[in-house]
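Shared between the two complexes below is chain A, which has chain B as its partner in the first and chain C in the second.
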Partner chain A sequence: MTEHVEATQPKERAPRDAIPPAIVIAFIVVAIVVICAFFGGSIAPDSPFTQRLEIGDTPPSAEFPAGTDLLGRDVLSRVIHGAWTALIGPVVVAAGAFAIATVLGLLSGYLGGVVDSGIMRWVDFMLALPGPLVAIVVVGVVGGGYWTAVAVLIILFTAPDTRIVRSAVLEQRPRPYIDAARALGVSKTRILFVHILPNVLPIILAYVVLDFAFALVNLAGLSFLGLGVEPGTPDWGRMLFENRTILFTNPVALLLPAAMVILTAVSMNLIGDWLFARFTRQ
Partner chain B sequence: MHAHITRRLFVAGSTASVVMLSRAIRASAQEPIEEVRWALPSINDTMFVPRAWSTYVGAIMSLVQEGPLAFGDDLSLQPAVAESWKQVDDTTYVYTLRQGVTFGDGSPLTPDDVVASFLYQMDPKSGSQLAAFFSSVDTVTASGDNEVTVKLTAPNVQFQYTPAHMAGFLFSKKQLEEFPEDIGTPDALPLGTGPYRLVEFTPADTVVLEARDDYWGTKPVAKRIIFSAIPDRQTRLLAAKNGDIDGTFDLAISDIDQWKALGNVDVITAPSLGVFMLTMDQSAPPFDDIHVRKAIAYSVDREGLVKALLKSNGEPATALNPPEMWAGIMSPDEVRKFYATLPSYRFDLDKARAELAQSKHAGGFEVTVPGSSADPYMINILQSVSENLKQIGITMKVQEVDANQWLAGYFRHEDLGMQIMAYYPDFADAANYPYLFYASANAVKDGMNGSNFKNSEVDKALDVANQKSDPKERAEALKTVFRIVNEDAALVPIFWPDSAMAISNEYKLTGYNAFWYNVPWAIRGFGLK
Partner chain C sequence: MTAKSLLTVRGLAITAAGRAITTGTNLEIARGETIAIVGESGSGKSLTAKAIARLLPPGVSATGQVSYDGIDLLALPEREMQQIRGRRLSLMLQDPFTMLNPLMKSGLHIAEMLRDRPEFRDRAALNGEVARRLTEVGITDPDVAERMPFQLSGGMSQRIALAAALARDPELLIADEPSTALDVTTQAEIIKLLKRVQQSRGMGLVLITHNLRLAFSTCDRIYVLYAGSLLEVGSARAVEADPFHPYTLGLLLSEPPADKRVPKLIAIRGKVPRADEVAGRCAFADRCDWTKDACRAAAPALAELAPGRLTACIRRREIAAEMQALRGSALAAASPSAAPDSATRPIVRAASLVKDFAGRAGRVVQALKGVSIEVRPGESVGLVGESGSGKTTLGRILVGLETPTSGRIDIGGFDASDFSAMTSAERAATRRIIQMVFQDPYSTLNPRHSVRRSLTEAIGTIGRFPRSEIDARIAELLREVGLPEYYAERRPSSLSGGERQRVAIARALSVKPKILVCDEPVSALDVSVQAQILNLFKRLKLELGLSYLFITHDLAVVRQIAERIYVLYLGEVVEHGSAEDVISRPQHPYTKRLIDSIPR
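Showing the complex of A and B:
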């Protein structure tokens, strides 16, 4: 009996507590990106802006491990500094979209009726729009570059996020603890933000991480189209755009930022999926 | 049975074979080509040249429209719609029109069409971007059944090139009157007397031309030419690699090696006579301060940009005119010696800082400079200058806009600040650039003088250079202009690039030169190899 208990306990604990190796790697990648974003100036071997016109674009060498771009700028340093725009924009998009979506989703899911109907029709409308195309048109017409793109993505991401929050709230609404709160005369605001919100927050957090990945890819895409950051800014999407002309002389200048976009997005997706699975199991 | 072939028979047979083979090759060279697909970095919203004076519109419309004269392969003036012309006196030109020239709709070209076309360009109400080419014209009259006389207000040497330039394109008088607003749009495709007829136009996207059987001159080999806009350089390169296009103009010099590596295209290069420059609006702060302008001039690493962007296929510009533009006045070597005597503002950030310190804006300032995303160099040049200016305390933001927006902004002539301009010559005359960029008369809306540079001494010298035909007199006048404008840092010349084009190696094009956008290139030695 004792032997049986000792043998089964670790088996039950393993799936809940052990972090899969892929998730560990994903966390390491994200940690590297975060470190580069905040401490890029100390880590990068050179300034991302220093030009060396006399050498122009060169392949990787001992002096420049990722080579240089058309203006002779160190590609590695630019990739390291590019982590900042890769991080800050998606964080703002994910946080902003979910902040708005949380309020709308809570109201829609809990109040129902006209409020629910109004919000969900708006969500339906937004989901019917081709998101990337809307972003391209708005940023192209309005201008403003990176932060306009961030603002547009917040609005576009809010709609699907609202639907997620609403469905989580609908799951909570018929539960006894809500009925009990209502019976005790607790205000709607308190029920929404003190009782329901903490219970749907884990799911929201899991989706915030996924939003980050989507925002990263979208912002990189807009920068690639010349609609994101200002020319010259170290930004992975912009580097893809600028360095495509030197593909044959220094392919690393194109492949490295591309790899960083993919690695970061995949890592955040894995982390988001893992968090979602973990929270929903709890 | 063995055939017995004598030496004489062998020689005769070989000779006959060679003759037949050469005939066959010649015949194949004359073979019509059903369709040619040509890419351009952009296609304008209109095909009406007075409202879209750009090299890409020129590359298309030079096949549809003609002027009385044309530029030859050697850039000299040649007869076109006018079979002959003469300068009667210093201010009078007479053009004798060729008989039997018709527009694309079959209607005959008359002297009235020539007069209407020139008067349209001259009329301020037309708002033509090419009006400056007619600023010296007093009257244009039909002086005979097939004769047009142009009288100038004063002698102007440069006017001789106008009838060969896009500005001299001849329109149907009837069409100008019927569609004053819509001409150039898909609803009113411009008629011309050229070898091709414009049959389809999707603004900013596609243009389709069809060869005219009734063209008066050399018959086109290509029956149909389809132009498409492919702004992205790498996309154009891949399109050529996949055989989706047969050719394109305006290759970025830095991409030449990539194009050559494709294997299925030939790259043709020629001196472009073009110039890249920064203009600075002297009518408003901060560029009304000469020290600011000099600080900017010292902050441009011309040699570095030529190496990095042009891979040394070009020359750092020490003045506005490429040396070859002085043809007929001074040799390139003489020009270079003269340029060496001018203030040239070689890249030196210490001198730039010193100049800025002497200015009213010693603490620096902020400026936003728009650049065309279609141009292969502009954004990179601006990034480079921006980084250098940052080091002396000037914040320069680079704004990337599409080609149409950039050009429209320049011609709007409002709040110009600092602008980047790439200009390719209208004709090889040493007074061309200085007149466009330094004459007070062009410091207006639709004018090219983006620096709003106004100097009476320069205007007087330009008058001499434009009016006198004596090379020595013109040389002295232009030297005066260049001494003043370089001393004043009226604008910042950057580099003189070579030009390059790519063409499928199935085809040849022998007539490629600096004026590819101003000659009917598809009938200038174009055909199957």
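Showing the complex of A and C:
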């Protein structure tokens, strides 16, 4: 029989590109933040709450590597404990926005028609709102601090993510493998979640990482304005606000949390960009 | 020949990321001569053209010698190379739709090339020249120069691209698959035009193509490239009469003849390898019927066996008689197409189908204007037409992917005019009668699902089965389409185009349908693989008693498969009848044009 297919060697995998050094550093920064967030209690040299009003703010010394703040609290310990609110809020925002946006984007992109128009007009409306301002107003009026801010950010971030998911779905929808599944009578839900979702997931995940970075900066900003965490909580944004008056006696108390916000956000951005480039190249 | 040689390529080896693409190609073309580089995908033919013009993409490099009229092109500084491109050597690319700048009026593409000439400083002179150039490529309507590329048809764009490539009056034009992306009838026009321009200007022409027949009908000499190695060189007439290399013979025999129906095409087995997979041996050894150990021992060099005839086959002298016998038997074989049995009830009957699409600015575009067709059990019906004829829309309507605006469809006794109006049991039953095979093998399978997963899902649509039964059925399906059982664990990315199309056929067969709608199932495949898949369709028809609705633009393909043909033109059936009658005695002018455009 001439129409017989020769056994072919499985193709060797293309050698994985080496991870660029900047991305390695970004991963290290994120790893440090994660470790601090979960094991802060055992790492930190001191309790973040112990006040030493008698010494007040002091510059870095052997006893306090990053000095103390106005109430004599150890700045280094507060920064280490601050990793928790820096991590948990953005994670919840990114995961929440991702989950809602994926469902909305899949429905919008695959079903089209009225569903699509409805969801997209809502997205347009949300994109027209000045995000940070809305967050300030809602948290200021409703109260509830940190977690209200997280909830508001989830809703704000869902809108642009929905668009991204939808456009990725629109790209898959006309492919013959979707048509073939339809011709076989595969159900809509199955086509959406078994055929389309796995093919758009990598792109969505790359955007989720970026969401994390934006949420971190936004939450830190709200805390700085006094709209985030409760007063007294060790939080990087809050520390910027509390320690702004001691810039000249102990600059580290201000610069260290600021540096952490920037480093973490930049690292996540780099990782997100890198993931995106990796996934879209294929 | 060497005395007035215009372009001489010696040992041109192209590598990309350490991987060989071609291994030392030698080419020669004299002034006013036409040569063809014939090869399948992965042969390195396009990159060879780009290497000559020094337009290789980043990461791809070439070594060797390219001497153009005595100038060593590969050693030339980029500035001087710029002076050569366009003026002395011009390149014309395959896809007419991406070749023109979408923001530039079509006339501007030609004016751009003329700008640096002092005699065309004057605007009127420049416009006059542009008009004259357009006339040369057969565009007499002066309005065309003012149109944007998106307003032009494929053939028109290709003409503009040709005029732009010719604007600086090159002595050599390299045309890379200039007609492949176009409709059949337009293809013939563009090739005729190229040939006419080449002759009237006495220009050298390198035609790069996968189509051996096209090369024979247009070119003086043929270079057959396979997986990066030249396998055969010779004058078109001599190669056509008696190919020296088994690969060339295989290509010739794989191409379905348009003038008759053969019981089985003689296919080359296996698939096209990558150049680096076959380094150090005959590139064709794994697929050749005459391979001996010596073929695998070393890469054979091109040797001159007759004046001007080179072949890389070291066994040519021993096997010449066998090759000729094979060719003779293939040419003699012909089987009449069985007369359709008109007594049986059609399995698919569509009556006065109309499909409207919303066009631009609220206008309605009619894709189908009252089309009626029938397919009887066990019958293969060809649906022939060009892009825009509505043939794909018709196929999609029949399997329920689109709903017709009006008209009636009966599939195996069910009223399938509107799939969404059927009960789910009826819909499921209809889908067990009719299934579809799609054109593009690269996106017909979900890239994230293994073959087993795709087939399991398809089998699951007709009911719940125990694991063991599903596995047995998958093994059976793979066997039916000629794939080894262990392919079940493969993902689409590790399959070749032909293998993917086999899996797609297996998926369609998994619900045991009675009729397959095949939308251009072989047009995206290499010629040697095309014949394998056509043979598979023929075998499945015999073994499973399948019917086909074979949608294609290729009359030669349809001749091999179909007993009856419908010719679709602008949404209407303009002719139908037995395959024999329609192809041998076409009645409608459009059918005649289609048949005339087959290169011979």
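What we mean here is this: the second predicted complex is superposed on the first by the 266 of 282 C-alpha atoms of A that agree within 3 Å, B and C clash if a C-alpha of one lies under 4 Å from a C-alpha of the other, contacts with A are read in each partner's own complex, and residues count from 1 in each chain.
The rule is short, and it goes like this: a contact is a pair of C-beta atoms (placed from the backbone, for glycine too) under 8 Å apart; a residue touches a chain by one contact, two chains touch by 3 or more.
Note that the structure is a prediction, hence the values are computed from the model and not measured.
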item: Larger contact residue set on chain A - chain B or chain C; value: C
item: Chain B versus chain C as contact partner of A:Pro176, first or second or both or neither; value: second
item: First, second, both or neither for A:Gly56, with chain B first and chain C second; value: first
item: A:Leu71 touches, of chain B and chain C: first, second, both or neither?; value: first
item: Touched partner set for A:Arg121, first chain B, second chain C, both or neither; value: neither
item: Partner chain(s) touched by A:Lys188 [first = chain B, second = chain C, both, neither]; value: neither
item: Chain B and chain C contact sites that coincide on chain A, given as residue numbers; value: none
item: Touching residues (chain side chain A, partner chain C) in the complex; value: 1-8, 10-11, 175-177, 179-186, 190, 194-195, 198-199
item: Residues of chain B that touch chain A when the two form their complex; value: 233-234, 252, 254-255, 257-258, 261, 301, 303-305, 307-309, 311, 371, 373, 376, 379-380, 382-384, 386-388, 390, 397-400
item: Interfacial residue positions of chain A with respect to chain B in the complex; value: 49-51, 53-57, 70-72, 226, 230-232, 244-245, 247-249
item: List of chain C residues in touch with chain A within their complex; value: 264, 266-267, 269-271, 286-287, 396, 399-401, 427-428, 431, 435-436, 438-440, 443-449, 457-458, 461, 482-484, 490, 494, 496, 498-499, 502, 504, 507-508, 510-511, 532, 535-536, 539
